[in-house]
Each structure stands twice: as C-alpha cells, then as structure tokens.
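Shared between the two complexes below is chain A, which has chain B as its partner in the first and chain C in the second.
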Partner chain A sequence: MFARPALAETPIYRLVLENHVFSPSKLRIPPNTKVKIIIENKDETAEEFDSFDLNRERVIFAQREASIFIGPLPIGRYEFFGEYHPNSARGYVIVEEESL
Partner chain B sequence: MNRICLLISLFLAFTFGMITKVSADGMVVDKVYHPYVTANEREFEWRFMSSQTDEFNLLTQRFGYGHAFWETVALEFYAIGTRNEQNDFELSGYEIETRWMMTQQGQYWADWGWVLELEKQDAKDNYEASLGLLFEKELGRTSLTLNLFAIREWGESIESEWESEFRLQYRYRYLPEIQPSIEIYAGEDFIGIGPGFMGVYRIEGQKQIKWDAGFITEIAHSGKNHTFRFAIEYEF
Partner chain C sequence: MISNTVVIFLRDLLPIFILFAYISNMPINTNLFSHFWKKLISVGTVVATLLIYVTTEYISEIFEGRGIELSSAAALIFVWLSLVLITVFTQFLTSGLRALLLGISLVLFTAIQSAEFLIYFGVFAQYSDNLPSILIACILGLGICISFTVLLRFILSELLLSGRSVFFYGLWFAFLAGQVSQVIGLLSQVDIIDDAPALFSLQALISNASEYGHALHALIGYESSPNVRLIGLYLITFLLPLLLKILVDRQDQSAYREGNQK
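Right after this comes the complex of A and B.
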C-alpha cells in the first residue's frame, strides 16, 4: 500500500475493509520501524481487527476509521483477520526490506 | 531496558514503603490486569483463589459480569464468595470495577491504564477501595505487565488503613492457547513468585474463552504458603 510521511515521522499505511475483505490483503512495511495503520471500514457492520502475531485487537465501527500502531518488527509475515468474518477478512503484514 | 528496571524499582519501592505500615489481612495474589479495553466487549468471569498455609486454607471465588460501555472504559460487577471459619462457603461481598485504557496499544514506549475497584462486605459496613496503575511493555514475543495498587480499607469492624500491592507478569506469547509466564506479587508483608499461564480459545466471532492461572509460593517467610489462582472468562 502507499506510505507517506506522518506526524512524528511515523509512517502511515492504509487498509480498507469492504464486503468483509481487507485490501490490500498483503500490507508491506519496513523492518524495525514503528508504523501506524489506518483501517477504513466501508461496510455497514462493525469488524474487529485481530492478530495474535501482531498482538493487536481493535474494533472498527461501521463506516468509520480506526488506527493501530505496530512495530518495530523483525522481518517476517504476520497474520491478521476480522473476528466477525474470519473466513473472508484475512490478510498479512509482510515486514521486508524492499518496502522501504 | 534501563527504563524498565527503573520502573520496576520505583513500583517496588512504593510497595515496600507501604508494607512497613500495614498488617496482613487479605489475599495479595490475584489477577494481573492488562491496560487494554476492547470496544463492545462483554464477558462473564469466574475467578478462584485458594491459599494454603500451615494453619489454614483461604478460599475466595468471584463471579463477574463485565461490559465495555465505551471504546476505552469497561465496567465489571462481581459477587464474592469466601469460605468462613466453619468451612461454609458463603456470599461475602460485592465489587464494582472500572478499567480505563489511557493509551492506545503500541502508540508510545509503553501502554498505560487504570483500574478502580470498590468492594463492600455483604453483612457489614466494611469497604475496600483500590486504585491501580497498569503498565505493559511489549518486548518482541514477550510482554511485561506491572500493576501497582494503592488500597484504602475502612468500616465498622476493620481498622482504617492504607495498603499497597505490586503485581508483575512476564509472559511469552507462544501460542494463543498457551502463554506461559512468571509472576511476582508483593504486599501486606507478602512476597510471592511462581509460574503462570494464560490462553484464549476462539469459538466464533467475538465469542471466546480466556483462561488465566498461576501457582505462587511465598518466599519472604519460612513455612508453607502457596496460592493457586485460576480465572476463566467467556467473552461475547
């Protein structure tokens, strides 16, 4: 997804939830860097972003945005899913050098 | 890491400073609180604590219902049962608890929260109010959680006094179902350490079962003093 400069130099990334599907399903971020992910829920129902790998849990109300902070993380693949629709709302945060 | 050591030292200094001024009259081993609230969360909780010394066994159970009414604030109500001197298990009190998530997880160097508890004994006008500062720091796949409580007791049949308690949990997030930890408790002339574990099993949607247990051995005095604590929560 698109990274852009943010306050306090925390890179910001965006995830969109629509029809209970996260887009992009693979979010690439740099290693050893704290980042902010803004999740926009375009659906008519709430969803809960959940990830044991990332140690994060956050409710995103319908038609609203919520943000989470993750990292600094080592290179790797971190799974996340929507707790209310775990079959369709799934994805990965990919931590890799190329995303710098 | 230096900041973490300093923080633990400050928490312990506060706790031991207070310990010298109080007498032992309660159970120090209890739940280690995490400074997080999940919006819309509702739960039923059963908490069990059994403390065995050379002379007696103290058993306490709590049955609670909790609800996150706001994005960062949750309320929980408990009925408390204890086993009395005649070995009868009876309803002994009620408690209301509120947790406040002060910072968003991961936004700052560490995560902070508060917990405020007010407990009333069932048959007497005895009260206990506790204010706890909650701290959690993520260190790779491990998490360090610290709780520092200032406690005030007063009522018709107990001496009014201030107390303090300190709880530490260092947890390895191995699998959702299995997260082993080391726990330390201090307060009321008690210092205990022991293993713990917690876990979560997802059923469907927001429905999940969480468990949390620990076996704590007192190390400040000679003689037997073991406490087993166990809690299970059904979230929906």
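Right after this comes the complex of A and C.
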C-alpha cells in the first residue's frame, strides 16, 4: 500500500502554465506507469491544478512549481484544468502505448 | 466567472455549513454554545484562517513540497478522530474535554476550508473589474449554502425527534467518512501511498464536476470513480463509529432499564 521510495526510473513530465494556458495541453504518458508531473506556474497569480478524472487537486502559487504523482493508469484520456481559469487553462493527460 | 465562483463556494464552504448543521442538532452536552465559547471559536477561526492563508505558500514548500498534503491529511484525521470520540463516547469524556475537542475541530476544519476559498478570492480580488461578479457569486453561493443548511437542519432535527437517531448518526458518520477519505487522494498525490485504478465509474450518472456532484461530495463524500483504497477507508471510517455508537447506546439503555427496575 505505501509507496516505495521514489525510483530513478519514475518518468518525469513538465507542464508549464503561462497566461493561464497549460503547455503542452496534451501530455502523453505511458500506460500502467506511475509518473511525476512538475507543474510550473509562470503567471503572476496562483492557480489550482484540478482533475476529477485523475482525482488530483493542487494549488500552485505564482512563479512557483509543484509536483504531483499520477498513475499507474489504463489507456485513456484524462481531463485537467485550472480551477481559477477553467476557460483557458485546460488540457488532457493522454495515456497511450506510443508514448513509451 | 459567476458559475465558477459558485462551484468553488460549494466545494470549499458548503462542508462548513453542513458541519454546523450537524453540530447544532447533536445532543453532546457541552457548554460550547455559551457566549464565551462562541466568541472564542469565532475569533480562533478568523485568526487560524488568516494564519493558514498567509502561510500556505510556505507550508507547500516544506517536507519536499508535500507540506500542504501532509498537514491537510493530519488535520482531517484529527477532526475525524475528535468528532467520532465526542459522538460515540460522549458520557466517558468530561464536558471540558468535549468542548475542547469540538472547539479545535470546528476551528481547524473551518479555517482550512476557508483559507482555500480565500486563495481563490485573493487571485480575483487583484483585478478590480472582477469584483462585482465575485460579490454576486458570493451572495448566490452563500444563499445556496444557507438554504441547504436550513433544509438539512430541519431533516436532521426531524430524524432525532422521531426517534430515528440511527439514521441521523448514519448521515453524520457518512459526512465524516467523506471528509477523512480525502486523505487517500492527498497522500497518493505526493507518492506516500500508491495509487490504485478506479473500481467503477458513476461519471455518466453524477459527475463530480456537476453541482450535484459537489453537493453530494460535501454531504457524504461522493466520488464518481473511487478506487479500492478509498472505498476501504470510507467503509471503515463510516461503519466502525456507527456500530460503536449503536453498541454504546444499547448498553446505556439497558443500564438505564436495569437501574429503573431496581
């Protein structure tokens, strides 16, 4: 149940938030693998990374970055958005074989 | 803007209203609602909310960036434990201890939820043209929360008055289980426990993103796609106190009857 110490091979992905837009808006990750996502907020205001599909919720303060772990996930498309700017800050984590 | 603020209002502040609806109906025999305690709790809540709001950015950096998740999980567990203790073992705790545990729980829970809302409010307060929309949304959100609480208080009071206290406590422990179950998401988010795939999905029926989803989440901890750990923790934290409460109440009733016969 408890997570093992972070292994060197845990894949790391980066998401950048700038002008209330996530980049890349489609983050491709491999299936059945736990991954670490570092979210960097380049804006002057805080934002909350939120995803009902991934069951994740994390405030990222202005000019800061924060990490979250997701997975292992089956193949599929998982939506995420910025809770404070849901119209512009939107994206998907796409879990697919090709990203291996 | 308005609908988003209302949703955040429901997510962050509705659980506080629900908690107060239960507490105000509960026969826990404390002097907590005396003038002095009311003042102390109000001041404590304002101070704690501001303190958490001001320090959240720094808390998020501690424990290798896991500070918010760890402190929130610890607070939720403390609140669950305290409220279960004072509900189940009411007569075994002194009035002072009950008041203290209840007071700390109310302040902690209210402050954490309110501080999250203040962060959102702070972001939009920076743009003066957003203020009218936010104020309208806050009035709407407050109206929804107050209406919801009045209705819930009426239902809860009817349950107690009609002798259906098992249903009252069933709903109460479901609310508490829903709150403490969030620990699973918090800890798996920062890799302290492993994540698990969802067992089933009710997303098509009631989405967590919908207003109903938010209200049910606040009321009973509804999750549209729960995993086995969430379900396990929910069932334990719901059933264990409910069974204990039923057992303790039955023992009290039989002791009372025996005392009357003698």
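Everything below uses one rule, namely that the second predicted complex is superposed on the first by the 92 of 100 C-alpha atoms of A that agree within 3 Å, B and C clash if a C-alpha of one lies under 4 Å from a C-alpha of the other, contacts with A are read in each partner's own complex, and residues count from 1 in each chain.
Rule of thumb we're sticking to: contacts are C-beta pairs under 8 Å (C-beta built on N, C-alpha and C of every residue); 3 or more make two chains touch, one makes a residue touch a chain.
Fair warning: this is a prediction, and the values are worked out from it, not measured in the lab.
Undergrad: Taking chain A as the common reference, can chain B and chain C both be placed on it without clashing, or not? Answer clash or fit.
TA: With chain A as the common anchor, chain B and chain C collide in the superposed model.
Undergrad: Considering only the touch criterion stated at the top, classify A:P30 as touching first (chain B), second (chain C), both, or neither.
TA: It touches nothing on chain B or chain C.
Undergrad: If you stack the two complexes on chain A, which partner ends up touching A:P11: first (chain B), second (chain C), both, or neither?
TA: In the superposition, A:P11 contacts neither chain B nor chain C.
Undergrad: State whether A:T45 touches chain B only (first), chain C only (second), both chains, or neither.
TA: The answer is second: A:T45 touches chain C but not chain B.
Undergrad: Taking the superposition as given, does A:R64 touch the first partner, chain B, the second, chain C, both, or neither?
TA: second
Undergrad: Between chain C and chain B, which one touches more residues of chain A when both complexes sit on the common chain A?
TA: C
Undergrad: I'd like to check the shared interface: which positions of chain A are touched by both chain B and chain C across the two complexes?
TA: Touching chain B and chain C on chain A: residues 34, 46, 48, 52, 55-59, 61, 67-71, 83-84.
Undergrad: Help me check something: in the complex, which residues belonging to chain C touch chain A?
TA: So the residues of chain C in touch with chain A come to 4, 8, 56-57, 60, 65, 68, 116, 119-120, 122-124, 126, 185, 188-195, 197, 207-209, 213, 223-225, 229.
Undergrad: In the complex, go through chain B and note every residue touching chain A.
TA: Of all residues in chain B, those touching chain A are 36, 38-40, 71, 104-107, 138, 143, 173, 175-176, 202, 205-206.
Undergrad: Within their complex, state which residues of chain A touch chain C.
TA: So the residues of chain A in touch with chain C come to 1-3, 6, 34, 36, 45-48, 52-53, 55-59, 61, 64, 66-74, 83-84, 86.
Undergrad: Provide the residue numbers of chain A that touch chain B in the complex, in ascending order.
TA: Touch list, chain A to chain B: 34, 46, 48, 52, 55-59, 61, 67-71, 83-84.
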